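Got some structures for you, see below.
Same chain, two partners: chain A is paired with chain B first, then with chain C.
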Partner chain A sequence: MSDHILQFKNISKRFGSQTVLDEVSLSVGTGEIFSLLGPSGCGKTTLLRICGGFDYPDAGRVILDGKDITELPPNKREIRTVFQNYALFPHMTVWDNVAFGLKIAGVDKHTMMREVGKYIEMVQLSGHEGKKPGQLSGGQRQRVAIARALVNKPKILLLDEPLAALDLKLRQRMLIELDTIHDEVGITFLFVTHDQQEAMSISDHIAVMHNGNVEQIGTPVELYEAPKNSFIAAFIGDTNFFDGLVEQEDGDYCTLMIKDFPALSVYNDKKLRRGDKVNLSIRPEKFMISATKPEITDAHTNLLQGKVEEVIYLGAHTRYWVRVQDWRISVVKQHFSYALDERKICWGDEVWLKFEGDNAYMLERYTEEDENLLALPDV
Partner chain B sequence: MKKCNRSSRFPMIVTIITLIFLYAPLVVVSISSFNNSKYGGAWRGFSFRWYEKLFTDATIWEALVNTLFVALIATFFSTLLGTLAALALYRGKGKLQLFHYALVYSPLVVPDILMGISLLLLFVTTIGIGAKIGLSFELGMTTIIIAHITFCLSYVTMVVLGRLQDFDHSLIEAAQDLGANALQIFFKVTLPIIAPAIIAGALFAFTLSIDDFVITFFVKGAGDTTLPIYIQSAMRRGTPAVINALSVVFLILTFILVFTSQKLLEKKK
Partner chain C sequence: MKSFKNQFLITMPSFLWLVIFYALPVFIVFLLAFKPVDPYGGIGGGWSLATLRNLSDPSYPVIIWRTVWLGVVSTAVSIIIAIPIAYHLAKMSSRLRNIVLMLIIVPFWTNFLIRIFAWKVFLNPEGFFRRSLVYIGLIPEETMLLYNQWAVLAVMIYTYLPYAILPIYAAAEKFDFALLDAAKDLGAGSFTAFRKVFLPSISKSIGVAVMVVLIPALGAYLIPDLVGGPTSEMIGDKIAQSVFTERNLPHASALSAILMITVFLPLLLLMFFRKICNNNGAESEKVPRIGVKK
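Now for the complex of A and B:
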């Protein structure tokens, strides 16, 4: 298939007795930004290293553009890597670092001058050509690493946590720049990160990995709105989990019984039957919080009553923690407008939480340990 | 608060005592070199006599040439072999490498006199065997050079290995990633980065070789004289005054060398 530039087929890798990758298969589309996302130790970096040729899989094949490259050494692959620590050659200038790949390839001098100049300009380092990496800031080093990797026009650019060493503001800027560079060169990016926001904001597709397995592959929207299991729901963004039972099937919807809640009507995309156990996920922003009881017009709109335990004002939005019997629910309210004289919802207020049955999502249950690991801490 | 404000004189006093301790002998030697007395001791007036003698004495110059000859050859081979040994030790992490490491490391802690005796024994035995099968060689410059390579090697290895252990392995991966083969990686990445350590190791070896007395004393042939050997015999023969002059010349050369190398390092920064 030509629309998939890179394919991993049943890749397995063990280090000693530990299984790092367990029959991982995935396909990366030509020209897209594909992210491998997961907590540390999930196997994403190992998969990237196998792609770069720095590790070899115990089983499985790596297919690049239709060719099996599993056994090829790194210097024979049309793949370039931006290393986490950038791995710039400290004894060479910026220019020589960028030119390294072309020199090795034996490109003629004229082409080399043109190409190196072009990529240095692309990463906005004109004027810094004569500097050594030690004289550059973190962000500038990052750019050199990117230019150096792109100058050979690889089929795929691998990026191993490229922004991890930068501070927050710079990270956001580099993320936008990476996106711009990607648009400009049209090369496929395989991006490894543990930061779900990074992955969400830059990727066309994301593979979420956990314990050496791919849990779900999808677009950022799919992962956020339709997570496959509670691990994904907890790892991508924040969410509230509720355990319950299906009380009654009701066409496309079903009625759920959750302890202390009134009967809830929720969209039944999993086609669950009466008596099935469910794990319901409702994202904080899917709740409408109000001090007065809202009017209910739709049969699938649900209403809960509770008491505000905590209010955290965060500028663009406010996060509330609302107590409903034994449940502590995280709610986020966007400030479309914010009148200073408006009666605000405060600590201790009785409030109503409204949510649509279409916005709650029923999930496969993952282990509680994993959820606790990732869930937002209680304030 | 009071305690903090009190400026202690203790560090300054210690520093001054240390400096006196280090430099007093040198000052005495420098002054003595201008003393118009054959055996030192009482001041018999200012004179350049010993310097004149120093620059006209052929045996001193022969000893110096021998010393430099040995030092240069020993430095070259010990640097080459030491660097290769360091690379081997850096790459391999097996049991064999641990043994190799111990083997390379031990000459650093073995006393010189032991090194001298064992090398002498080795040479004598080899010469004995050689004589039986009709090959004749004897103690001389060659054995001195071999002995110097032997003890310099360990120092070079340790210095280069120290630098390699700080070496970021991802640089090698990066070079590989950019298409370089093993040879290209070595000459374009590894070698330039460890070059300062190789030069430092070579300087170390050169210095050690130049002033070695104990080992050279054991393995030298009858007529071979290096500078330390010459100085020792001159002291015995009772002409220390020339040695004082020689020491001062060496001192000045050393200061110039240290000064220039520091200037060079500053420039690089």
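Now for the complex of A and C:
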């Protein structure tokens, strides 16, 4: 299994009576950026600490490059961590911080000078070598932490919410820089975050965690377009949920009855049968909003009629809240053309929402538990 | 200029206080060394170098040497014991920590003299402790635990240990233990992480602890007087003797001056080294803290 550098096998961890990780298994591919994504308390940081050697699992194995490292102490693992608050040594200069790992490893002076210089340059901190961490800005401190962790050429770099302490603009810039650094060094990154946008934009694969379980592992596109359950659908991006009943199977499609809606034709990839209850997820951008009734050419195109309750203009796109009977639907319209020339849709307007049956996504049956998920903040 | 004037006014009271109650008395003590002795135990008129000539007593170099080594060793041992205690105190749960801190501070509630007498009872030739050691054969029958330098050293360490623990604990408590994780993550073993990351982070407080312990340790006179024999006198005993027994104030002043110089010398050296270190860091201090661009 050389294409998987890191594997977690049935990792369980309890703190007191609380199960933090429940038989978690996942594999991280060599050279990729793999994200552990989940709300706080989902166990992602514990999993990272187990990987780094700062916590030991109650059960399960951690395999690094074919070797079982479950019992190894942190200093015997070829893994380096960028800690959440960077944990730079305050009494050492930038140079000494970056050189620390090489000094411990007993690397000769010449190699050390070259390597430390190289990584400081890579994170664009040349000229700051003599400063103490206290004299650096948040972004610079993070670069020191990254250089310090990379200088030993670990097999995996763990990043524990590395951007959480930075402001929004800087976060976006560091995200791009992290990606560049990753391309440059080719080391596998294991990235822990609670911010789905961060994870979506940087990862090759994401494992979404919830209550100590891995809910789904997939590429960002898979998670967004084909979420395995309502938790993922709600956690990754925005969506509208509708609970309904399968009225009739129709080849690859099925007819869905949802309260107050006309019969909808939706792609039936789950092979649901007549009478099955489902939870339907339709992303806001999948709706086409128009003030005039659009023409329907395809049998699987659906149309809803409603009234605009809220309009939020955001430049690149506008977000509408449309009332259809008891439903309040979030709709996003991209402004492909010059927005001033478009016919404006205003508060109170009667509108038509069109969506293709292929673009809606049927999730598992709606359950009581999903109630709180649906109540996630709707921004 | 105005702020300078304000600073001057604000610091004036404490400055005067220091001059009147600290600098002046010290100066007087130094001055007394150059006064002749009055036959009735007071200070005579005029000036004299007789006291300084009397300092060439052959027993003094031995006593000064003993004072220095007892002071330095008791300080070193106190600090070596205090560092791991402070480290573990800082890592403890707050409930346990309060109990242990309490135990460290509780002896202060008992009079110092009584605590020394407790040691005298403890180390007594007929005491349980010595008898047990003899019984299990750790020490020969004729070994005395009391009235020697080792008894003085033990009681000094006992007395000054809390003074070493408290400042070091104060620094250890602020230490970010995630830094030790970071050091281990970078390949350091537990001890290397402790030595290269924890110790440098609390080095300033170790300096404070050295001062807080070393200065009173060098001036100790009750401990050697009570648990040390005539062969373990320290300079503090000699000063007390000159004042109370020989009624020779100039002589006591001269000895005090010697003690003071012994105490101040390492302090000055320490400050000197601090300054060198600070000067090294000063250059980078000028660079603006954020938004640095090449």
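Going forward, the second predicted complex is superposed on the first by the 361 of 379 C-alpha atoms of A that agree within 3 Å, B and C clash if a C-alpha of one lies under 4 Å from a C-alpha of the other, contacts with A are read in each partner's own complex, and residues count from 1 in each chain.
One rule holds in what follows: contacts are C-beta pairs under 8 Å (C-beta built on N, C-alpha and C of every residue); 3 or more make two chains touch, one makes a residue touch a chain.
What you see is a predicted model, and the numbers here were worked out from it, not measured in a lab.
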item	value
Chain C versus chain B on the shared chain A, clash or fit after superposition	clash
Greater chain A contact set [chain C / chain B]	C
Touched partner set for A:83, first chain B, second chain C, both or neither	both
Contacts of A:324 with chain B and chain C, given as first, second, both or neither	neither
Which superposed partner A:130 touches (first chain B, second chain C, both, neither)	second
Contacts of A:226 with chain B and chain C, given as first, second, both or neither	neither
Touched partner set for A:113, first chain B, second chain C, both or neither	neither
Touching both chain B and chain C, residues of chain A	52-54, 73-75, 79-81, 83, 85, 87-91, 100-101, 104-105, 148-149, 152
For the chain A and chain C complex, residues of the former touching the latter	52-54, 73-75, 79-81, 83, 85, 87-92, 100-101, 104-105, 126-128, 130-132, 135-137, 140, 148-149, 152
Complex contact set, residues of chain B against chain A	168, 170-171, 173-181, 184, 188-189, 192-193
Of chain A, residues touching chain B in the complex	52-54, 73-75, 79-81, 83, 85, 87-91, 100-101, 104-105, 148-149, 152
Chain A contact footprint on chain C (complex, rising order)	176, 178-179, 181-189, 192, 196-197, 200-201, 203, 281, 283-285, 287, 289-292, 294
